[in-house]
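Each of the two complexes below includes chain A, the first together with chain B, the second together with chain C.
Let's look at the complex of A and B:
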C-alpha cells in the first residue's frame, strides 16, 4: 500500500523524441488510477517509468515517499501485468507465480501458501500444473494477475491488460479487476486506450495527449466538465457533437460558418468574434419547439441499438455531422428535420485556438 | 437435386483416378531418388561382409557374404595403422569426442555471443555482429594454415583441445540464436526484470529452456558437421592414437605394402561404422530438429 508521486517527470528518448513533457500528479494510497489516451500519447511510457523499465530523463518518481528513480524494478515493490501476458512459456502456472518469489529467496512454505491464496482468488486452482500454452487468453491474463498478486506489491501496474481479449471476456475481467481492487485495497495504475474501460474502472482518470496530461479527475468530472476539447472528444461514445463558429456580439450566440446564429442559453465573458467550438453530447440534445431550437438536424441515418437509438444527421452551416442519442426505439425517416435544444449545464464551449474550456 | 448428384458422381470417380496416377508418378520419382541415395550405402554394407580377396577379384558385391562378424570385429578391435596402436573403437571414441565437443562448444559459445549481441547495448555491438556474420563467407580451409600455426605454437597438436577449440566459434550458430532471441517477446525480459532476475538468471532460467528445440537442431547440425571433419583432424593429429574414424578409413586404404591387398572389407566396415552415429542422432532428434527450425510460436 503506497502512494505514488510524479514530480515533473519528463521522458526524452535517445533519438530526441519527447514522449512525456512533465507529468506532475499524485496517486493516493489504494486508488485505482487509469491512464488513458490515444496511442502514442505517452501513457505506457509513464507506466514503464513507474515500473523502472524505462529511465526517467528528468523529474522524480516517488513510491511511498521514497525517490525510486534509480531503484531496480525488482526492488520497487511493484508488480506489472502486460498486454500480451508475458508468462514464461516453459513454466507451469505455479512456477510462473513462484519465480519472482524464489528470486527473493522466500521460503517454500510461504511461496506455496501465497500461490494457494492467489489461485483461490482468481479461480485458477485447477490449472496450477498447466503450461500457459494450454490456457485460454482469459486464463492466461488471470495467471499474469496471479503472478502480480503473490508478490503483495505496494503498487500494481497494468499495461492494457485486456486489449488482447474478446469483448465479452473483457467485460467479465473488468468486473473481476474491480472486485480485486476492492479486496486488496492496493494502489492500481492502469493504462488503456479504451475510454469505456477507463470510465468503468477508475477512481480517477488521468487523460493524456501528445505527452501532456490533459485533465485529472473522476470519470464524472471528465464527462460532465471536460477541461479541453480533446477530453470532450475522447470521453463519451458516440463522440460529442462539435460545432465551429465565432462568438456573436451579444456573447450569447455563435455565428456559424454560413452566417446563421446558434443561440446559446448562457452568456460568456470572452471577447466577441473569438473562434469557439461548441460541444454538446448526443445524449444531452432534446426535442425543442421551433422558437427555442438551437439545432435543426436533418436525419441522415439511424442506428438502432435496442436500449437506445443514435440518429446521425447534419445541419446547414455545420461542417461536422451531428448525432443525437435517444433512449428506446425510434425510427425517423431520413430527411426528416428535427428541432433540438440543449441545457446550459450540458453545453461545453472551447476556444478554437487553444482547445481550452471557456464556460 | 437427384440430377445434380448423378452428374456429380462420375466426375468424382474420374478425378480420383487422375489423382492416383499423379501419386504414382510422385512416388516413382521419390523412390528413384531414395534408391539413388541408398543403393551405394547398401552396396558398401553388402561388400563389407566379404573378404578382401573376393572384393579385389570380383569388385563390389550386391548380396551379403559370410565375413560380416569377422570384418566388423577386425574393424573395431584389431589394432591397425603403421604403428598398430589404434583400433576402430578408439577412433570411434575420438570421433565422438570431437563431434560432441564441437557441437556442445559451438552451442555454448554461439548462444552466449548471441545473448550479448541481442540483449546488451555496447559500443560496436552491431559492428561485432556483422563481423561475425561475414565470417560465414569464409570456409575453414581459408584460415586453416594460420589456425594450424596457432594450435601448433600453443602446443595443442595431437590433443582434443587442439582439435575442438579452434573450431567452436560459429557464425552460423550465433546467427541462428540471434534470430531466435530476437523473436522472444520483449515483455518476457521485462517481466523477468520485475521478478528480480538479473542477466545471468534470465539467460539460464528463461532463455536456455526456451531455446531447447533450437539447441537440439543446432546440436544435430554441428555434431554431423564436426563428425565429418576430415581436413582439420588430418592436420592436427599425427599421433595415430588421436585419429578419428573419417580419417582412419583413409589410413586403412593407404596401407598397401608390397603385394598386400588393401583391406577393402575392413574399410567398408569402418565406413558403415562411421556412418551410423550421425544417422542415429538425426533419427533420434528428428522431430525436435524440424520443430527447432520451423517453430515460431512462443
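Let's look at the complex of A and C:
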C-alpha cells in the first residue's frame, strides 16, 4: 500500500519525440486512478515510467515517498498487467504465478499459499496445471491478474488489460476488477483509451492529450465541469454537442454563423466578439417552448437503443450537428424540427482558440 | 490444410513430376547405386565388377583408420555445432539489445553467409598462413606455434575455426529472428519478475528460443558432417597426409583417389544410415521436449 507521486515528470525519446511534458500529480494510498486519453497521448509512457520500463528524462517519481527513478523494476514493489497478457507460454499457470516469488527467494510454503489464495479469488483452481495456450482470453487475463496479486505489491499497474477481450467479457472483468480493488485496498493505476471503463472504474481520472495532463478529477467532476473542450468531447457518449459562434455584445448570447442569437442563461466576462464553442450534452437537452428555446434541431436519423433513444440532427440554419438523448422509446420523423432548451448549469462555454473553459 | 479436388485425377501427379524427378535423379538413384555397388568389388577401369557380399563393410569397419576418423568426425561435429550455435546466440542477444547502428552491425554479422565454403576455406588459409596469417601471429603471441598441414591438432584447430566462422551468420540470422519474435511485453513482464538479466535469459528467453535452437541443431550437425567438405579440402590442399579428415572426406578420398568404389560406397551407405538414425532420433525424442507456441 503506497502513494505514488509524479514531480514534473518529462519523457523525451532518443529520436527527439516528446511523449510527456511535465506530469505533476499525486496518487493517494489505496486509490483507483485511471489514466485515459486517445492513443499517443502519453498515458502508457507514464505508466511504463512508474513501472521502470522506460527511463524518466526529467523530474522524479516517488513510490511510498521514496524516489524510484533509478530503482530496478523488479525492486519497485509493483506489479503490472499487460494488454496482451504477457504470460510465459512455456510455464503452467502455477509456474507463471510462482516465477516472480521464486526470484524473491520466498519459501515454497508461502508461495503455494499465495497461489492458492489468488486462484480462489480469481476462480482459477482448475487451471493451475494448464499452459496459457490452453486457456481462453478471459482466463489468460485472470492469470495475468493472479500473477500480479500473488506479489502483494504496493502498486498495481494495468496497461489496457481489457482491450483484447470481447464486449461481454470486458464488462464482466471490469466488475471483477472493481471488486478486487475494494477487497485488496491497494493502489491501482490503470491505463485505458475507453472512457466508459475510466468512468466506471476510477476514483479519480487523469485525462491526457498530446503529452499534457488536461484534467484530474472524479468521474463526475470531469462529466459535470470539463476543464477544456477536449475533456468535454472525450468524456460522455454520445459526445457533447458543440455549437460554434461568437460572443454577443451583451456577453450573454452567442451569435451563430447565420446571425441568429443563442441566448446564454449567464453573462460572461470575456470580451464581446470572442469566438466561442458552446457545449451541451445530448442528455441535458429538453423540450422548450418557442420563447425559451436555445436550439432548433432538425431530425436526421434516430438510434433506438431500447432504454434510450438518440436523435441525431443539426442546428437549423448553421448545419451544426446536434444529438439529443431521451429516455424511453421515441420515433420522430426525419425533417421534424424540435425546439430545445438546456439549464444554465449544463451549458459549457469554451474559448475556440484555446479550448479553455470560460464559465 | 485445404483439400482441392481436381476434375482429372492424374493432373495432380503431373504437377508433382518435376519435383519427384529431381528427387529420383539426384537422391534415390545415386543412393540405390551406392547401395548396389557397396556389395561389389569394382574394377578401377570400369571393366567389370564382382559380387563380394558384405566384404566391403567388413573391410571398412576393421580398417585401422576408420575408427579414428569416425572419432574425429564426432568431436569435430560436436565442437562445430556447439561453438557456432553458442557464439551466434551470444552475438544475436547482443545485437538485439543495441539501439544505435543496429542495422550495420547486423549486416556485418550476416555477410559471411554469402561466402561459399571453398572461398571461406581460402580466406581461412590466408588467416592461418604460416608467414603472413594474422591468426598465426596471434597464436605465436601466446606462445603457440601453429603449423597448419603439418601438425594434426593445429590443422584440426584451423578446420574447426573456419567451419565455425562460416556457420555463425546463418545461426545468427535465425536466432535474431527468434529473439525478435518474443513479444516485448513477455520480456517486460520478466523484467518486473526477475531483476537478474542472466537468470531471465535462461528461464524465459532461452526456453522461448528452443524451437529455433532445435531446428538449428539439426542444420548444424548436417553442416558439420557434410558441408564442411569444401573447407577441409582447401585447408588440406587435397593432400591429407596424416592430417585430420572427416568421414565424408574419406568417402571422397577412397572413391576418387584410391579408386576403391566398393569400399567408398559402403562408407556412404553407413553415413546414410547414420543420418537416417539421427533424423529419427531428433524428431522422436527431442521435439517432445521442445516448447512450441
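Basically, the second predicted complex is superposed on the first by the 355 of 359 C-alpha atoms of A that agree within 3 Å, B and C clash if a C-alpha of one lies under 4 Å from a C-alpha of the other, contacts with A are read in each partner's own complex, and residues count from 1 in each chain.
By our rule, contacts are C-beta pairs under 8 Å (C-beta built on N, C-alpha and C of every residue); 3 or more make two chains touch, one makes a residue touch a chain.
In this text the structure is predicted, and so the values were computed from the model without any measurement.
Peer 1: Using the superposition on chain A, tell me whether chain B and chain C clash or fit.
Peer 2: Taken together on chain A, chain C would clash with chain B, as the superposition shows.
Peer 1: Touching A:89 in the superposition: chain B (first), chain C (second), both, neither?
Peer 2: both
Peer 1: Just checking: does A:59 make contact with chain B only, chain C only, both, or neither of them? Give me first, second, both or neither.
Peer 2: A:59 sits against neither chain B nor chain C.
Peer 1: For A:79, decide between first (touching chain B), second (touching chain C), both and neither.
Peer 2: both
Peer 1: By the touch definition at the top of the document, which applies to A:137: first (chain B), second (chain C), both, or neither?
Peer 2: A:137 sits against neither chain B nor chain C.
Peer 1: Looking at A:22 after the superposition, I want to know if it touches chain B, chain C, both of them or none. Which is it: first, second, both, neither?
Peer 2: In the superposition, A:22 contacts neither chain B nor chain C.
Peer 1: Quick one: classify A:40 as touching chain B (first), chain C (second), both or neither.
Peer 2: In the superposed model, A:40 contacts neither chain B nor chain C.
Peer 1: Please work out whether A:100 is in contact with chain B alone, chain C alone, both, or neither, and reply first, second, both or neither.
Peer 2: A:100: touches chain B and chain C.
Peer 1: Check whether A:355 is in contact with chain B, with chain C, with both or with neither, and answer first, second, both or neither.
Peer 2: So A:355 meets neither chain B nor chain C here.
Peer 1: Enumerate the residues of chain A that count as touching chain B in its complex and touching chain C in the other.
Peer 2: 51-53, 72-75, 78-80, 82-90, 99-100, 103, 147
Peer 1: Considering the complex alone, what residue numbers of chain B touch chain A?
Peer 2: Chain B residues touching chain A: 185, 187-188, 190-197, 201, 205-206, 209-210, 212, 298.
Peer 1: Within the complex, which stretch of chain A touches chain C?
Peer 2: 14, 51-53, 72-75, 78-80, 82-90, 99-100, 103, 133, 147
Peer 1: Inside the complex, what are the residues of chain C that reach chain A?
Peer 2: 99, 183, 185-186, 188-196, 199, 203-204, 207-208, 210, 291, 293
Peer 1: For a test of understanding, state which residues of chain A touch chain B in their complex under the given definition.
Peer 2: Interface residues on the chain A side: 51-53, 72-75, 78-80, 82-90, 99-100, 103-104, 147.
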